[in-house]
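The same subunit A turns up in both complexes below, where it pairs with subunit B and then with subunit C.
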Partner chain A sequence: MVRGSRVGVEISKSLTQILVCPLSKQPLRLCEKSNSLISDTIGVSFPIVEGIPCLVPRDGEIIETEDTPSDRKADETTQE
Partner chain B sequence: MSVRMIARRLGSKLLPRFAPAATLHSHATSFGFKEVNEEEKSQLVGNVFTKVASNYDIMNDLMSGGLHRLWKDRLVSKLTPFPGMKHLDVAGGTGDVAFRILETINSGRAMDDTLEDNLQEETQIYVCDINPNMLNVGKKRAQERGLGNLGSLVWVEGDAEKLTFNDDSMDGYTIAFGIRNVTHIEKVLAEAYRVLKRGGRFLCLELSHVDTPIFKQLYDYYSFSVIPVVGELVAGDRDSYQYLVESVRRFPRQEVFASMIADAGFQQVEYENLVGGVVAIHSGLKI
Partner chain C sequence: MYRPNGNLVRSFVRRSFCTVADGNLDTSKVQIFDRHLKRKQRDRAAWLLNRKDSLVNTVADNLVDRLEDVKKTFPSALCLGGSLEAIRRSVGGRGGIEKLIMMDSSYDMVKLCKDAEKDLSSDNIETSFMVADEEFLPVKESSVDLVISCLGLHWTNDLPGAMIQSRLALKPDGLFLAAIFGGETLKELRIACTIAHMEREGGVSPRISPLAQVRDAGNLLTRAGFTLPGVDVDEYQVRYNSALELIEHLRAMGETNALVNRVKFLKKDTALAAAAVYESMFAAEDGTIPATFQVIYMTGWREHESQQKAKRRGSATVSFKDIQKEFGVTAAAVDNLTGSLCSTCTPLCSSPPSTAKPPPSPPAVTFKPLPSPPAVPSRPPPSPKPVHKAPPPPRFYYFDSPLDVVPPPPTYISSGGSGNNHGPPSPRFVYFPSTQPAGGGGPGGFGQNSYPYPYPYYMYDSKAASWSA
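Now for the complex of A and B:
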């Protein structure tokens, strides 16, 4: 297994098909550059840490500009 | 062991003195015997599991005299795992249930069977836990057990109340010793229903309520006088184990929990008491 910059690639295609955004339940997009899963519907990115996707709502960060996470956390602004 | 069938239509006869709404609210605001804000509960529980993660498995063996292994075996036997299945184990942090499911599937393997080989490769056991420490312990244990590089085990950090899986995607769903720690039981059950395929099975293994006289007194003594002390001696953490035994008492009784499962839409809801109710396995089908 190659580590470092290729860690994100461990997330296989079939996984991205079964995973959805925990808040919007819409599909997620793998962003290899930032090693994160992007929920385009609500503009939130979830990190992948040591090969484990972190998809707890509080882990999400709002994307203000293209692939640039802000400091605001997803579940502060998302309604139930 | 005894099996009790609870049909959905009998739910109203089985509900005890208090309404489900009161039960749910009190569960959401209880941290063991303490009253807390709903918002706080998740954080408090998170702290407990971050602390216990490294000793979690040893403590389980000590507290249950190794019985938890048999209970988990029983849970998995009710699942009838098959090659190619997609299974979700929630709050499964250190991997016990997931490993058993995978090993059951792999051991059922016929020699030189190409079709089964292909299906086996498609087997996916998702282990979802809200606590990264527990998941990391699980990943390490998987490596030690020789299951680390199979690709069949997928570790995901996620919230049981807001699952990150697609609707109708799972053949099976298990939650072992996890549901009493959540803030909103009904949300967990609703999410379980959502992600299961039609025909999928929900199984929950959890510490439950003992009513048999004398045995109940012994069990209470053991819970409140022995377990927190063992927690202190072995893990240097009395409070977490105090929380554990209190949270068991605050969790709804078997019949009430069964009616909650039925309320979430599951059919053929039933439960089985093990060791006189020390643990119970609840199950339901999404039809």
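Now for the complex of A and C:
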């Protein structure tokens, strides 16, 4: 596996085909800017560290958008 | 080292995480294990990892060996956490694995496997690495052929849920292989800890986690929806020079206590007392102490049309009466037939035909093959009964609510000299000698009426038993 200058982004093709969000089981979107996998349905981003995606729910960060303040939507999803 | 939970960034940017910082992820109704602590313990285990650990290597080898019993090949495999590194070393091309995804909840463990990958690159197996939780499996449905978990699932809060998610991740006709620790694991340590704790502190707290029993393993597999379930058990006895070495080994495997309601400190006195009790009760002649590890291997398949199934209820074309007419000429055959197979027979069936009559001509029905028996979870083979016909061994009750549990009456007490009268004891029994051991009484009321332990009181008689099994 070739290590580019932005090491975090290089996850293998086979992984991207099978990875889904651990909480909602929906497909993930790779965001190169923040070097993370984003789950749009619940608005959480999971970091990728040195090419290893960390999909433990505890590591996920709620995405703060400009118009809505940080919502605890993911909290409600997890505490169902 | 950069930690994935954003500690570095948190001081600069206020971010919110999708779980509350202090609490656990509370989706499962029962919270037995502290998963966050388990991740940290596995981080430590990654640093203490011993590549020559015989127990872990044996279990991993045994598990991967099962792939060779199957004709099918598994091009893509997912390895759930546990002894990841040992599995990776044992796989070596068995089972036709081409793509291996290594998954663990601890980042350090995954990093270790990734760094070790270059030593194993001769295998031509394409490995990918990710960090994820077994209870929240981030794998798409029907995407892998094989799921292996070696000694990892006994730390999940919701084991059926984890198994159901593994099943969903499997392609149809995919295989699920798991090895978990069973109820007999570390029973000596459990006994020693309890006794020492009672003596020193007057109460017990959970030190060993609740572990699955063998009889539950089959139920777990069927509950998760696996077809053709298979369970078997292996007991490994590992010898240590001292009790503290056992604890070191457990730390290196990442198997230390992570119960939610654990006592967060351990007094030095209690620890030393536990070690002393362990050595006095269980030491072998050469001074080494044994520890039992019972491993339950579970096998299950995702459903597929090619698998054998029980026929639909009511689709039988032959009744037992016809079988009797066809084959059951002698009284013995009829008795055997009706007694063992046909408990709801009418009395007419059970009367043996009189020998005066000529043998009946075969009936005109054409036989279709009998329905195959329904797929019940396969039972593990019954444990060998000891020669002296003692009652079945008691369960060890766990310590969540010792006051609620009524201990069963002491069912087996040997009348002294247990070795000579009753033959060699089974290694799972411990016997109660007729004389009270000197160290058994402690502060306050250890007499027969005020019995403090939640399980029947058996003392190990080192002269009688032998650990040669």
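In this text, the second predicted complex is superposed on the first by the 57 of 80 C-alpha atoms of A that agree within 3 Å, B and C clash if a C-alpha of one lies under 4 Å from a C-alpha of the other, contacts with A are read in each partner's own complex, and residues count from 1 in each chain.
The criterion applied here is as follows: contacts are C-beta pairs under 8 Å (C-beta built on N, C-alpha and C of every residue); 3 or more make two chains touch, one makes a residue touch a chain.
Computed from a predicted model, the values in this text were never measured in an experiment.
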item: Overlay on subunit A: subunit C relative to subunit B, clash or fit; value: clash
item: First (subunit B), second (subunit C), both or neither touched by A:Cys31; value: neither
item: Subunit B versus subunit C as contact partner of A:Val44, first or second or both or neither; value: second
item: Partner chain(s) touched by A:Leu23 [first = subunit B, second = subunit C, both, neither]; value: both
item: A:Ser14 touches, of subunit B and subunit C: first, second, both or neither?; value: both
item: Touching partner for A:Ile52 - first (subunit B), second (subunit C), both, neither; value: both
item: Touched partner set for A:Glu61, first subunit B, second subunit C, both or neither; value: second
item: Subunit B versus subunit C, judged by how many residues of subunit A each one touches; value: C
item: On subunit A, positions contacted by subunit B and by subunit C; value: 12, 14-15, 17-23, 25, 49-57, 59
item: Complex contact set, residues of subunit C against subunit A; value: 2, 4-6, 15-20, 25-27, 36, 39, 76, 99, 101, 105, 107, 110-111, 114, 126, 128-133, 136-141, 143-144
item: Sites on subunit A touched by subunit B in the complex; value: 1, 12, 14-15, 17-23, 25, 49-57, 59
item: Residues of subunit B touching subunit A in the complex; value: 86, 124, 126, 130, 132, 135-136, 139, 149, 151, 154-159, 162-167, 169
item: Subunit A to subunit C touching residues, read off their complex; value: 11-12, 14-15, 17-23, 25, 27-28, 42, 44, 47, 49-62, 64, 70, 72, 74-75, 77-80
